[in-house]
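The following pair of complexes shares a single chain, chain A, combined with chain B in the former and chain C in the latter.
The block that comes next holds the complex of A and B.
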């Protein structure tokens, strides 16, 4: 190993690079850094698993309307461990969204997005958009009824935009309706463009984090603490202390992912049938707030809301929260706004999940209509009418 | 639940007849059928039958003639194939057009006695105009009409009913078990054919009951039992595989715990 290193060092003069890397690796992290700061590492693990399982799935998946579903069936039933690989890929996609949101919440509450780390935050927001893009394009690939009709509904929304709407939709799906051309486009975006974008942005995100270091809790108008000051304030070296924490979290997340894939394998529905619309079509859980919002507001407004939210996130460190304070208690208005918006999004998601279903709470059955409004279902045997309003 | 729906299709033994003689979708209204002007009692009964409610038959399918012709003489003209009231042998032939299986096995049974003009035909048990779905309960009422107090017949009826009811119950139970396990084992989807095969085997039993031959019924029930046992084996295997996966999960967490512990123990030495 030593001889190999010497061979490279002799030619490339890597010693200064190595020294810089080791210095960076041993640079202390601020004293307040705890287990909540390991979600980024868990995301790296999950994204790597997605990349690996995705490549393995690509070996057997056939992205044509005639073959896609059959190839998924083959992966599930014939390819050795195909079911496990697809299930891990499926569960991984859900865990990534959950962890990415938690990671973003953590950064927001610790004020890590503030000066001088605005760029890291903006790249992070772009990464979140890319992750959601993976979910959107990957949803169609099994080419089953839910995937097909879910995509039909989701791609109809942009068509309502004035002027560019119909063209945007046509560009997205490659024609007037979701068909082979759509599958081909979504496949290329899912397995080539988005991974390329993801790897580039992830590299930039990590580079910025390592270059600037993890944010302290000091005000932004105070100078950044030096490594010596961080050590005095109780900071521990990134390696091995924080790396060990990261590793432990990665092991636990790996355990969760494998357990979910083993115990609850990915579902496979019936093949896509463009002539038969199934009841109760809904998007993935993380798109439910946007789906539900479209039921309350004009389509033009509803369709523009998600991109607007991304824009708000991008502008957060630049325009919205420019105060020098990092502690959430010292910037109550922004924190309250964040919590209110999060609660509304969460509520929309819950309503979207419940809409057009019936559930029993404390012995009473309710039917939730399209808008998510509950109606008490009165037992006919009790003399009432079914569907009577509470 | 979708399996229960499938089951009703597999068995094709749904619950009783409609209460109200509504005109089913795609069916001709009996107000447009001239036969019912005179034969209104038969028309009222036929309106409630499964043959009418499912849009399967009209008067002329069994009696010939032209039901849409207001002139009775023209409607019953020879060239319309009018046969009027079918004879005893006509009845079995007519029913056999659609119900060939039951007719085939009926011919093997004790009631297929062409020499006896009073021996029963299809309509004796199933009625002529008010034909409802055949259920096992039909045997309780129809057999007793002629065989009340005949312990030998009653015993045979009970035996047939119990064998069929048992088979139906095991198919329902297997379908419910299949449905509950399918949510946890996507691979079971490939074994749907086995369950459908069991349903088809049970459907084979139904026509054989018309022969009233316990040997014949027993053999077809045995064939069904074999099919349902094959489904059971697949479900047992699925449950065992799920248990094994549970143990693999335990192994995964032991691996995670061991590695995290090792990492923590090495913390000081790194």
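The block that comes next holds the complex of A and C.
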């Protein structure tokens, strides 16, 4: 091994690079770093699993309107352990969004997005957009009814934007309606363009994190702590201490993923039928707030909200929260705004989930209409009629 | 040895501008080619007669107060049988593109996605849609149901 290293070092003069890498590896993390700081590592694991399972699915998947559904059926019921690979891919996509949001919340509350780490945050926001892009494009690929109509609604929405809207939509779906051309486009974006973008942004994100180190809780107008100061303040070495913590979280998350895939395998509905929209069609849970919003406001408003939100996230460290304080208690307005917006998004998601369903709460059954408004369902046996309003 | 003067001043700037122009033209050429390749092809005409998932649709396939959705040259069309004949209209909801359906119970055309409701004149009665569904003219022929744009007047 030593001789191999010497062979390379003699030619490429790697010793300084090796020294810098080792120094970086042992650079301490701030004393306040805890288990909440391991979600990034869990995301790396999940994204790796997605890449691996995605490549495996590509072996059997056929991206044409005629064959896509049958190929997914074949993966689920004929290919050995195909159901497990697809289920892991499916559950992985959900866990990634959950962890990415939790990761973002953690960075927000600890003020880690502030100077001098604005770029890391902005790249992170771009990564979140890429992750949602994966969800959006991957949703169509099974080519079942839910996938088809979810995509119809999602791609129709931008068409309401003036001037560029209809052209954008037509270019995006490759014609007047969601069809073979759409599947081909979404497939290429899902399996090639987005992974390329993801890996590039992820590399940049990690590079920035390792180069600048994890943020301390010092005000932004105070100098960044040196490694020696971090050690004095109770900081632990990144390796092995924090890496061990990261590894433990990764292991647990991997266990959760495999358990979910085994216990709740992904399902497939009926094949896409462009002439028949099934009732209660809904997008993935993380698009439910946008879906529900479209029921209350004009399309042009609803469609612009998600990109506007991304813009707000990008502007957060540059314009919105530029105070030198990192502690959430010392920047109450921004934290309150964040919580209110999060609560509204969460509420829209819940309403979107409940809309056009019936649920029983404390013995009373309610039917939630399209807008998510509950109507008490009166038991017919008691002499009333169904659908009576509360 | 040449006695020509060294390349300075305006000459260097011209060469630089020319090279930049060439570079931009090359990039534009590439981008234009990719855009043209990806631009959706013009849609093929489709049939004048209504076609369902399993072939041409016929008037006798539609029960009393029943309906079918099929494709034609004019897009997706909803046909409803009423006591006084067949009524035809665009089947693509003007809100977000889902396929509407005839609800015989409510006697309305409804969109299952966001709850838009229309009457048989295509007018919006409720829900988020703001534009009416376009009506079409139907004629029953030996080959099936012919779909035409609505007759004026």
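The rule we apply is simple: the second predicted complex is superposed on the first by the 390 of 390 C-alpha atoms of A that agree within 3 Å, B and C clash if a C-alpha of one lies under 4 Å from a C-alpha of the other, contacts with A are read in each partner's own complex, and residues count from 1 in each chain.
The rule we apply is simple: a contact is a pair of C-beta atoms (placed from the backbone, for glycine too) under 8 Å apart; a residue touches a chain by one contact, two chains touch by 3 or more.
Just so you know, these numbers come straight off a predicted model, no measurement behind them.
A.B. asks: So, A:273: does it touch chain B (first), chain C (second), both, or neither?
C.D. replies: second
A.B. asks: Hey, is it chain B or chain C that touches more of chain A?
C.D. replies: So, of the two partners, C touches more residues of chain A.
A.B. asks: Let me test your reading of the model: by the given contact rule, A:240 touches which partner, first (chain B), second (chain C), both or neither?
C.D. replies: Only chain B; A:240 stays clear of chain C.
A.B. asks: With the two structures laid over each other on chain A, which partner does A:284 touch: chain B (first), chain C (second), both, or neither?
C.D. replies: It touches nothing on chain B or chain C.
A.B. asks: Which partner chains sit in contact with A:248 here, chain B, chain C, both or neither? Use first/second/both/neither.
C.D. replies: first
A.B. asks: Would you check which partner chain A:77 touches, where first means chain B only, second means chain C only, and both and neither mean what they say?
C.D. replies: In the superposition, A:77 contacts chain B only.
A.B. asks: For A:263, is the partner it touches chain B (first), chain C (second), both, or none of the two (neither)?
C.D. replies: first
A.B. asks: Touch test for A:118: chain B only (first), chain C only (second), both, or neither?
C.D. replies: In the superposition, A:118 touches no partner, neither chain B nor chain C.
A.B. asks: Provide the residue numbers of chain A that touch chain C in the complex, in ascending order.
C.D. replies: It comes out as residues 149, 152-153, 155-157, 159, 170-171, 173-177, 181, 185, 273-281, 294-295, 298-299, 369-371.
A.B. asks: Okay, in this complex, where on chain C does chain A touch?
C.D. replies: My answer: residues 38-41, 43, 52-53, 69-71, 75-76, 91, 95-101, 111-115, 127-128, 130.
A.B. asks: Which chain B residues qualify as touching chain A in the complex?
C.D. replies: 184-187, 189-190, 242, 245-246, 248-249, 252-253, 255-256, 259-260, 263-264, 267, 270
A.B. asks: Quick check on the complex: what are the chain A residues that touch chain B?
C.D. replies: Answer in residue numbers: 76-77, 83, 239-241, 244, 247-248, 251-252, 254-255, 258-259, 262-268.
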